[in-house]
Amino acid sequence: MRVEDDLYFRIDRLYAEYCACLDEGELEAWPKLFVEDGLYQMISRENYAHGHPIPLMLLDSRGMMLDRVYALRNANIYQPHRYRHAISGVRITQQDDEAIGVSSSYIVAQTLTDGTTDVYQAGSYYDRLIDGEVGLRFKERIVVYDTTRVKTLLATPI
Amino acid sequence: MRVEDDLYFRIDRLYAEYCACLDEGELEAWPKLFVEDGLYQMISRENYAHGHPIPLMLLDSRGMMLDRVYALRNANIYQPHRYRHAISGVRITQQDDEAIGVSSSYIVAQTLTDGTTDVYQAGSYYDRLIDGEVGLRFKERIVVYDTTRVKTLLATPI
Amino acid sequence: MRVEDDLYFRIDRLYAEYCACLDEGELEAWPKLFVEDGLYQMISRENYAHGHPIPLMLLDSRGMMLDRVYALRNANIYQPHRYRHAISGVRITQQDDEAIGVSSSYIVAQTLTDGTTDVYQAGSYYDRLIDGEVGLRFKERIVVYDTTRVKTLLATPI
């Protein structure tokens, strides 16, 4: 098996696990896909393109992500919902000693308590992955959303 | 090639064939992806979570599936439509002597005769696959839909 | 690695690159995925099924595709938008000395300048691929859309 094939295969598995954690409601497993000092950031296409550092969500360690999940489970008030992700256009954009750069597209459909499902958000993932002892993990996932008119409160990570 | 890689590859092919049969209107080929005594069941998230055995659709042999397809072609009255599937989050959840457990997410878009396309349904597939002489086949596919407010009559399997 | 596995892997990479070019706004890179005398055609399901040769878009060389991109960048007037593709049901339908036939399904979500995202179009890709010195390229991509009620002007290729 070629080295590059194997890497794409393992990226596919990491992304499948990421989507499954969020879509199946296994939020506690989601921070484990990041390294200890990992970064999760969600920012609009416009702010990202202009270099404006104003994200909608910013979690810069696994601890903060676990806090976020704890708040979602225990403190925050929001309408229950379910996401379903669709991922495409996965490509390795950079590879150096530190990390593997990967970009991809997402479409997220959301079902609300009234039982209707609609497209909730679409955008890009710009990732930096680390290939460590436990396999591939996110060093950084920047979620750049195209959809600026968000239909309901954004509570759960995309 | 690692054994696990090869299995994921073959699951991808089976799922691609499944989606293609339904999306390209090749309904007659769809039951062939199941073993002879295969089970196809579609059930709401709520009923599934509470263990209530009231599915929206229940076909417990390949013969019943062929009957269903025959009825769709010849007897049932419903608005013509086309599905397009998007699949994500494929992961092997269990492996024993009997079968391979696999879960995944789906989003289905539907086009009606008026030419409009919308998200029709989203949910999870919970599968048990058998690896037999003719390759991987469904022993069981449980379709658990998030979308309880179904826009039009559900005629074709998801 | 089995030959067929490797071919599916390379088709996945080509399709990922195709989606990424269009979804990330790298339109200039899109014609390079076709051979010099490649064909890109977009046609309704109805016309395709009945053999009526009236496409919505027809570009029969890489030069014409570059022209189209140039026009989109410099001449055409249309509402700015972003696509996100979701691809499924990829299967090799034919293989001969000349080309590899592949079919697949797509769902395209679109975000407009008002910041809303919706399903824009769904349909099938029917491809003929050439495996040349620079890897897999499109000899022909026929885009057959289910969605006949197109929400806004179709400017960018699907």
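For reference, chains read A, B and C in written order, and residue numbers begin at 1 within each chain.
Here, contacts are C-beta pairs under 8 Å (C-beta built on N, C-alpha and C of every residue); 3 or more make two chains touch, one makes a residue touch a chain.
Quick caveat, the model's predicted, so the values are computed rather than measured.
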Interface residue overlap between copies subunit A and subunit B, same or different (over half shared)
different
Expressed as a multiple of 5 degrees between 0 and 180, the CA superposition of subunit B onto subunit C rotates by 120
Centre-to-centre distance between subunit B and subunit A (centres being mean Cα positions), rounded to whole Å
27
What are the residues of subunit B that contact at least two other chains?
1, 86-87, 107, 119
What residues on subunit A touch subunit C, complex-wise?
1-2, 5, 8, 45, 86-91, 103-107, 119-124, 146-149
Going by the contact rule set out above, which residues of subunit B touch subunit C in the complex?
1, 6, 9, 12-13, 16-17, 19-20, 23-24, 82, 84-87, 107, 109, 111, 114-119
